Each structure stands twice: as structure tokens, then as C-alpha cells.
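Next come two complexes built around subunit A: one with subunit B, the other with subunit C.
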Partner chain A sequence: MAGKEDYYRAVRKKWLFVLLCAVMIAVALILALSIGMYEIGFADCYRILIEHITGNITDPYADDIVINTRLPIALFAIIVGAVLALGGAVMQTMLRNPLADPYTMGVSSGALLGASIAIVLSSTLPLFNEQWVRIVMAFGFSLIPAMVILLFSFKRRVTSTKIILIGIAMMYIFSAIVQLIMITASEETLAEIYSWRVGTLALTTWETIPIPLAISIVCGAVLMFHYRRINVMMAGTKSAHSMGVDPERTILVEITIVSLMTAAVVCFTGTIGFVGLVGPHIARLFVGSDTKHLLPAAAVFGGLFLLLANCLARVSGEYGLPVGVISAIIGCPLFIFILIRMRRKSAWR
Partner chain B sequence: MRLIIDGIEFGYSSTPVLKDITLDANGPQLLSIIGPNGVGKSTLIHCINRILSPNKGTVLIDGDKVNDISLKDLAKKVGYVPYSANDTFPLSVVDTVLMGRHPHATYKSLDKDLDIVYDTLRLLDIEDLAMRNFDELSAGQHQKVMLARGLVQEPEILLLDEPTSNLDIKHQMEVTRILRDLSLEKGILVIMISHDLNIASKYSDTMMMLFGGSIFAIGTPSEVITKENIKAVYDVESDVIDVHGRPHLIMLDEEFDSTNKPLSPDTYAVKEKR
Partner chain C sequence: MADVEIRMGKEEYKSTLSRKITFLLICLGVLIVTTLISCSVGTGYEFTKTAQVIWDHLTGVTYPIRSPDWWADYYIFNNVMPGVIMALIAGAGLALAGTVMQSMMENPLADAYTTGISSGACLGAVVAIIMGFSYSTVISGAGIVINAFIGSMIPAIIVILMVRYVGNSPSTIILIGTALTFFFNSMVTLVMITASAESLQDAYIWQVGSVTNASWSDMPLMLVMTLASAVLVQLSAAKLNIMSLGEKSAKSLGLDVVQFRMLCIILTSVLIASIISFTGIIGFIGLVAPHMTRYLVGGDNKFVIPGSIIMGSTVLVVADLISRSLMSFGNIPLGVVMSFIGAPVFLYLIVRRKSQKDVF
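And now, the complex of A and B:
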């Protein structure tokens, strides 16, 4: 039957996009390992990786840089990009709002407030492990908006508009408190809060990765498992209800998962913008809006994008720039260009 | 399939919308709900598929209270075609209609689901739109796609909120006739809200006229579409003539009709440019 074949052909093209992004991640990963102050050739990176795996290390200095400094940063860039873009795709689809992203709920401003309080406290109180206190505080505070929504749901019906409005209100409250802290803070504290706010991957070590990776894999798998009900939400609450999906429960469950996943990475990196908002839109231009293909496509594209943006960030300026700055400066014009070129048509037909 | 509505009442805070609605309906049949704006037609439909919960009374499907049926199982029994469609993000027609398979879908059912989707698109004569984006279609095509999405749910009761409001007269007749034929072929109960009384009267088995949140009249089209009922409910003077055994409404506006005569061709305010 011609009709069904057309559909399957379109689906194959969508999976091809996912595969292509995955292959490009593998290539870009080696590129990321070769970029930095200490020059290591593209081919040498392969050699160093193979040598490390086989245990036959000939250049311990290069091995240390590639394996212990650059590899965790590159891997974390992929994880963070994938998490933010996947979270953005879910939020946009479920709330039927193209401006939604994983930060819509106030996750990032919550994390910033938590981190700011930790930074201020660390300058006045001797705490056991400054960095981990900061991470734990950021994680805890970033989940507050989700808790507020859950509490709200006991009293009133939750709709996508209310979620967005509550998220914005939380964002303003958190920002106001952070401003207050910044006004009264010392210069040193101010600089630390500021650098956390911009978002960077530069502080990543191997210790950073296991917890966010585990949380992301579990949350990502649950979201993928729920792709059908997230998809049906696109039809609107009444229609979703009549197709067997409880819109209110779906919003609460998926928002909690997205918040948890986003909090797990944001507490380590600070606010990295753009990927979560625009990543899903770019993926959508190639694979359409059906979540079965959009969710994996957004995740792999987000991972690839942030990995490349981080490569660029590392070679920009004298000591490199925060990846959050680079991803927005490069990504936004690229996105507008794609929007103009593709109009409403799929980019992939 | 038997739908029983037993004395339901619904209101928003202190404003009652539905008052003591009672109905016992079996498939196969096409039941049209008519009435002026704001009398509670959509509210009644939403009470049947549990989008709204009545303040009083129960809705039973084959003897089971709708509140006791899981949402997914209810979606297998009751389909719904909304008045307007949402198109925030571009989605192909196939993907849009495929959503309707959600209550039945499993991880291995895609091929079968696609067969059902394409069969339905063919039935509604929109197979050529299958791979088009939903947001590129006309309002009339939107309505047909929405109808297809409701049909692929393979429901035993299909609820439709003004399914022909954006269609031209040919497609209004075609879609309403499909609904009537489907009700007979598949034995389903089709409940449709309509503002086009003549289309509803032409194809419906039963008509229900709502007024002030209550059932004003219910029965065959001939019993419901009468001069007296139209005057009482819509406050409109009319004539009802018989066309092939079904009532056909002609609206009258005596004041306008007596003072305004059609212009002669010479005095047309707007002339065709030659």
C-alpha cells in the first residue's frame, strides 16, 4: 500500500537523522579531546585513547590531559546537552508552548539561589566540602518550583498556563533573592555567583559524572517510555482526556521527572541556556513533532550541539569562554537562519 | 451499547448549566443535540466522556458508571471530536490521526494502527492529505482529520461538537451521511451537536432540543422540529415543510421580509466588472 510506505519512508529518514547525530557525536568527541591549550593532534587522540584502554601508555602527560581533563568535560557536555534538549522537547510538547524549556519551571533560578546561598555561607562558615555543599544546595533549591506545583495541584486544577505562570513567578522570586544576596555580597562572592550564573563545563571531573548520568538515564528512559501520553497532550487537554490520557496527572508526573533530571545537571554546571529552548525546535525541523522521534532526536542533537559549542568555547578568548555564552551567540543566529530557510516545511523531506 | 444519563446536573459555582438531564439511548443511531448558544450542549457531551463531572446524577455505559471505568478503557468506548483543533506544532495528518489509536496501541501495533488510520482517511476521502502537515490544511480539512482521529478510536459511542461547522454544503451532507452510515454499519451511537437544523433533521434518527439546561424536546426530527418549538427555543418565526418525510425549516423574518424586496438587477450596488 503506497500510503503506508510513504509513512515508513518518512520514519526511516527521521531515524537516519538520529543516527547521523550519533555518528557526529562520536567524531566530535575526538575533536573535543584534541582541543585545548596543550596541542594534541586529532589522530593522536585516537592513539592515546587506545593506549589508555590497552594499558600501554607512552605519553603520561598527554594521557592525563586527554583522559582526566578533556574526556570528562566532553562526556558531560553530551549528557548536559541531551538532558536539556530532551527536557525542553517534553515541556514544549506537553505544555503546548514553543517558549517552554526545562527552565520554564524556575529550575535554573532555583539552582542559582541555592548555589548563591552556599557561596555566601562558605565565605562566612567553615563547611566540610564547599563544592559539594554548593551542588547539594543548588539541587535542592531547583526542585522547589516542582514541589510548589505539586502542592498547588492538591488545591486547584493544574493547566499548562498555570504551570508556566507559577514557573515565571518562582523565577522572579528566586531572582529577587539572588539580587538581594548580590547587593550585600563581597566582591569575591559576587564574582563566584556571577561565574556560576553564566554556566560552564570547565569544572567537570570524573567525580562529577556518575550521579547526573545515573539520574539522566533513569529519567530519560521513563520519559521515552511515556512518549505516547506526552504526544497525545499535544492535542489539548480535552482531546487528550478523551483519548485516555489524564492531562493533569501527566503534566505533574512528567514535570517532576524533567525537573529532577534538569536539576541533576544544572547543579553542576550552572545555567546553560539556549539548548533546552532551541535544541528541540531544530530537531523538530528535521523529524517533525511526533514524540516517538522528537525525543531521541532532540536528545542526540542537544548532546552534539553542546559538545561542539564547548569545543568552540574552549578555543575562544585567552582562557576559553563559558559554553553558555558560546551556545547562545552561535546557536541563535543559526536557528533563525534555519527558520527562515525552512519556513514551515520539514527540513528533512 | 446503551447509554443512560440519569438525572445529571452540572454548574459552575452558583450558575447551573445542566438541570436534571435524563436520557436512555441505544446504538445504532445518529442523535443530534440542538439548541441556542450557551444552553449546555457541549457541557452535556463533556459529562458523558468524563471531561466534566456532574454535580448530581450518573452516566452509565452498558450499565457501568463512567466514573468507575478507567480513562483508557473509557476512551475505547467513547470517542470525541472537538469543535476546534490545536496546531501549536507541525504534525502530519497521519501522526495526528494516529493519536486516536492511543487507547488501543501497544509497542507492536503500529502496522495494524496504520492500516486503520489509512482506511479511515480513505473513507473520509482525505487519503491524499496523509503526509501533509495539519497546520497547512483548510478549516474544513481540519474537521475531517479530527473526525478521522475520533473514528480510529473505534468507539461504541462517538461524540461530536459541531463536526460540520466549517464545511461547505456538499461536505456537510457528506460528513453527516458518513456518520449516519457508520452508526448503522458498526452499530455505534453517534451523538452530534449541530447548529444546522436542516442537516441534522435530514440525517438524524433522533433529535434532542436543549433549552435553559434542560431537555425541551426529544424524539424523531418531525416531533422536534416544529414551528412552535423553534419559536419557543430560538425565538424565531419559521415555516416547516415536509421534504421526503423529514421536516425542513424555513426561517422567516416578517418585518424584514415585508419591507425589503430584492433589488432589481439594474440597481445592484456592486456590479461585476466587465
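And now, the complex of A and C:
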């Protein structure tokens, strides 16, 4: 009886972490809305939101700024952070590698290649809609590595090591091509490709949100639904076999889902690093490695992390910095800390 | 009977030995020929003429000033050869460092930059190029070199210090190296993102690595470092062989693993820093050259070390040759050519890798 009680208490604690993160997201969201060039107080943001919902707008200018400029950015920060951290948690668990992240299959380098081709094309050819061509190209190219892994799986058995190695190889090949493009590009094109690479949320509008939101909700739900299989994968391929899970198929299916989900956000934002790597590790410190709790915890924590990072990004520098830089600067020391901790006492596993 | 068998074994060993030595000599020959070809491409002089001019120069023959031969000599020596020779030395040094790292880390995917040296150098150089800030009083040229050198020492020192606290296993060193690379890269990004378009381009070109601006005065430091390290590493080839057996075996064979590893890291760090601070970060050569050599001469470091020095130089000289031949299509630096050579070779290495060791 006592054991059961303990277990339930532990589980409640884990869900409490998820809930806490969710509440903090709600608070941070208002904070994110109040930050910017045009000063709007913390409490005013509440008022504006409520007024917008109820329909009697008293200050149309502030309403426009909060609802049409800041709210989509903040919401998208939550979505992107959640997707990346969730993807990272799944990849780390499934490939049994603490250094895996959603970009391990080469999604980011594919997206970068697609985007840079689109940027170079748009500087030479008149395209009807530069923004969307870039997004579509980035999305298409970012799925190439996953397709290569799928094709490879028809010929030979795939293992987690092979997937990581294929991902690295694809990354190298793509980045060789990107290097060539960037070297031969004009100064302005280079600057544009470079800033795409860093990853920013500043370009977000309401039009940006629906597609990635829909894709990530569907994919995220499927992943959470598959949590048992992903859990089993952590025990190794042999144990997975003996527990009635086909490891190869599971890896392929989940990887495709993660790639799709990651590609859907990356093609809008560029590659924002470290959320997918560090987010799951921090969530793991609080809730442990059971993916039943880890996946939702990683998702909410990732959302919170990127939302706060974006707040920091907007206040730093003269006109704000891209969020990718901030998340790297916060993420790196955290990553080193986690590494040291991993050596001391194995938080992993 | 037994006596005969032993003699057979000995003879067999000797024959493979002589085969390997012959092979190394052939590679050396190929390297010399490639270098000469590379010196003559794009100059407008024939191959034999170039060889003649270089030979004459080396043997001290002088031509009357402003005669056609004098111009040929002047042009080849001051405009073409510095780049070629720099590619040669850089290839040798980086391949050597890569060999040491791979044996030391017991990891076939380690390369010269595993400890994060390249990203530190990159930060130093980028800071000099974009912000005009330098540790020395000179801003351009020498300032970039000095900055890159000091910058590349920072991650090396951090690795050496951190290893004391978090453990000395190869995987720890690789992890710390990875983390430091991430960190310095994000600092580089931070600097680059604030840069104007022109200085961004300069910084990016530096990052990719090229030898187009080489001059003779850049050479002495990297030449001395490469030669000295080559001699030292060759002398400790037996120790490296023991290291690649794994830490436990090495310890039981009487090698002070921790000390030796530290010495290797310090040596390779200084070597790599002295090269990349002049050339920028040329990727893949430290990864690919040792593998190609091992594929051809086997795993004994006594042969792998000279072999990969020669192989590295050859590959980089060829890459430089390709990059200069492509000049008419646009300025494609050595580093880009090297990525295009290196990435497929890397893929090939992965595909034919037999053992299923974890990467990290």
C-alpha cells in the first residue's frame, strides 16, 4: 500500500511540474506581450486582451500592436519550443543518445540548403512570393534526409548508430553545398542566408501560425500516443523485440514524425538550436525518463524556455537579436552543466 | 621445420615492410609531381619549364634581371608557390594532428578539431575582422593571425583544465570539445549577426579556409611546428599504437595514459593553431587523410604517421589545384573544395564501417 502511495505521490509531482510550466507560460506570455518598443504595462496587456476578446476596444493602437504583432510571435515561440523539445526528447530516448536532438537526422541542414537556394533564386529571378517560396523550399529539402534514411531501410537494417551517422553525413554534404552557395553569393545574399541560419521569430505573423500548429498538434499527439513504444525502445533493440515491439519499424515511424514536425516549424523560423538538446535534459531532471511524463514535460518546458529566450532576445541589442543566438548563449552553459552532471551521477537513464 | 616457419614469417614481414616503404616512396613521388603540376597550372608556363625554373632557383642559378626567365622565376616564386606550399604544409600538419587524435581518442570519427580548437580560432579571427579588436596592436593581417592563434588556445586550455575535474576518458574529452565548439560557435554567431554585409563576407571567407593570400613570411612558424611535431609523433608511434588498443591495455603495457594524452592534446593544439590561424578552418583533411592512409598501409602508426602526412599534403595540394582551376567560375576557396571531397569520403567511411561502435 505504502509503495503505491509513494508511486502516486511521485506521479503527482511530475504532473505538478507540467502544470507549473503551463502556468508559467501563461504568465510569461503576458510578459512577452508587454515587451517591445512601444511601452505597454504588464497589467495593461491583460486589459487589452480582455477588451479584445469582449469586443470593446478602447485603445486601437495598443490593441493592434499587442494582438497583431506581439501575440503571434509569442504564440509561435511556444509552439516552436514545444515542438523542438518534444522532438528532442523522442530522439534522445529512441536513439539512446543524450546528444541527439530533433536536427540529428539533418533536418536543419536540409532546411538551410532549401532556404539558401530560394534566397539565391529570389535575388536573380522574380518570384511571385519570396517568403512562401523560401518556406516551401526549406520544408521540402529538410525532409530529404529522413527520406534517405527510409530508402536506406529498404536495403539494409537500420540501427540507431546508422541513423545518427547517416544524419551526420547528409549534414556534411548539404553544408558543403551551402558553403559553395554562400561563398559565391553577393554580400547581401550572404547576409540574408546567414541571418536565416541563425533562426528568428521576428517575422512571424498570424498567417504563419496555422500550418505549423496543425502539423505539430497532430504529430505531437501521435508521439504522445506512442509513448509506450518509445519507452520500450530505450531498453535496446533486443529487449524491444522481446517485448513485442518491432524496433526498426518504430524507429522509422517515429523519426518520420519528428522530422515532419520539426521541418514544419524550422522552415518558418530557421534553425533555432539548443532547445531540442537542452530542453529534454532539464525536463528529465525533474520528471525522470519515463516518456509518459517526459514528453509532455519536455514540450511545456521547451515552450516556456523559448518564450523566455524570445523575451530576452527582444530586449537585448539595439533592435533585438534573433532568438537563435540567445537560446545558444543560454543553452551552451546549461549543456556543459548537464554534461558534468552526467559524468558525476548518471541523470541519463 | 619450426625454424623454417619462423624464417618464413620473418621474410613475409620483411616483404610487407618493404612493400609499405615502397608505397610510401611512391606516394612521396606523387606528391612531388602534383606539387610541380600545381605550381605550373595557371601560370602559362609548361610543366617542364616550371620544374626547370624551380630547380634552378633551388640550386642557386640566377637569371639576368628582367629576362623572360627572370620573370618566370619571379612570378612562380612570389605568386604561385606560397599558396601551393602553404596547402602542402597545412595538409601535412592537419593530417598529422588528425592521426594523433584518432589513435588517442580511440574514435575513428575524431579529427584535428575535436577539442574545439577551430571554433576558438574562428571567434578570435571573426572578432578581429568584424570588430577590429585585436590582442596585438596590428589590426589587419597579422592581427587576425595573432587573434586566431590566441583564440584557438582558449578551448584547448579549457579542455586541459576541465579534464582534471570531470574525468579523463576519451568520451569526456569529445563531449567537452563538442560543448565548447557549440559555445564558441554561438559567440561567433553573435558577433557575425551584428556585422555589416561586407565584413560578414570577409569573416565567412576566413571561416571556410583558403590559401590565396599566402606569402612566404607566413610559412616559418607552421613549417617548424609541423616538422617538430612530425618528428615527436613519429618517435612515439609505438605509444600511439598501444593507445589505440584501449585505455586498459595501454595501462597494463606500462604507458602513463593520462600524461601521454595530455601531451598529445597540447602538441596537436599548438600545431593546429599555428596552421589554421594562417589558413582559416580547412575541414575534413584531418578526418579523411588518416583513414585513406590506414586503408592503404594498415593500422600500424609507424607507417600511418608518415603516410597520412604525405597523403594529407597531396590531397590538399590537389584541392588547391582544383580551387584555382575553378577560378574562372568564381572564387571558390580551398575549404569549399575540401568539403566537397571530404563529405562523400566520410559517407563512404560510414557505409563500409564494419564495427558497430557508438559514435560518442
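Keep this in mind: the second predicted complex is superposed on the first by the 333 of 349 C-alpha atoms of A that agree within 3 Å, B and C clash if a C-alpha of one lies under 4 Å from a C-alpha of the other, contacts with A are read in each partner's own complex, and residues count from 1 in each chain.
Please note the rule applied: contacts are C-beta pairs under 8 Å (C-beta built on N, C-alpha and C of every residue); 3 or more make two chains touch, one makes a residue touch a chain.
Keep in mind the model is a prediction, meaning the values are calculated, not measured.
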item	value
Subunit B versus subunit C as contact partner of A:Lys238, first or second or both or neither	first
Dominant contact partner of subunit A by residue count, subunit C or subunit B	C
Which superposed partner A:Asn97 touches (first subunit B, second subunit C, both, neither)	both
Contacts of A:Met182 with subunit B and subunit C, given as first, second, both or neither	second
Subunit B versus subunit C as contact partner of A:Ala202, first or second or both or neither	neither
Subunit B versus subunit C as contact partner of A:Val325, first or second or both or neither	second
Common interface positions of subunit A, toward subunit B and toward subunit C	97, 344
Subunit A-touching residues of subunit C, taken from the complex the two chains share	165-167, 172, 175-176, 178-179, 182-183, 185-187, 189-190, 192-194, 197-198, 200-201, 204-205, 208, 284, 330-333, 335-336, 339-340, 342-344, 346-347, 350, 353, 356-360
Subunit B residues within the subunit A interface of the complex	46, 49-51, 71-76, 78-80, 82, 86, 88-92, 94-96, 99-100, 102-103, 105, 111, 114-115, 118, 121, 127, 130-131, 133, 135-136, 149, 153, 159
Complex contact set, residues of subunit A against subunit B	1, 3-4, 6-7, 10, 92-93, 96-98, 228-229, 231-232, 234-236, 238-239, 241-246, 284, 288-290, 344-346
Subunit A residues within the subunit C interface of the complex	97, 99, 159, 161-162, 164-166, 168-169, 172-173, 175-176, 179-180, 182-184, 187-188, 190-191, 194-195, 198, 273-274, 317, 321-322, 324-325, 328-329, 331-333, 335-336, 339-340, 343-344
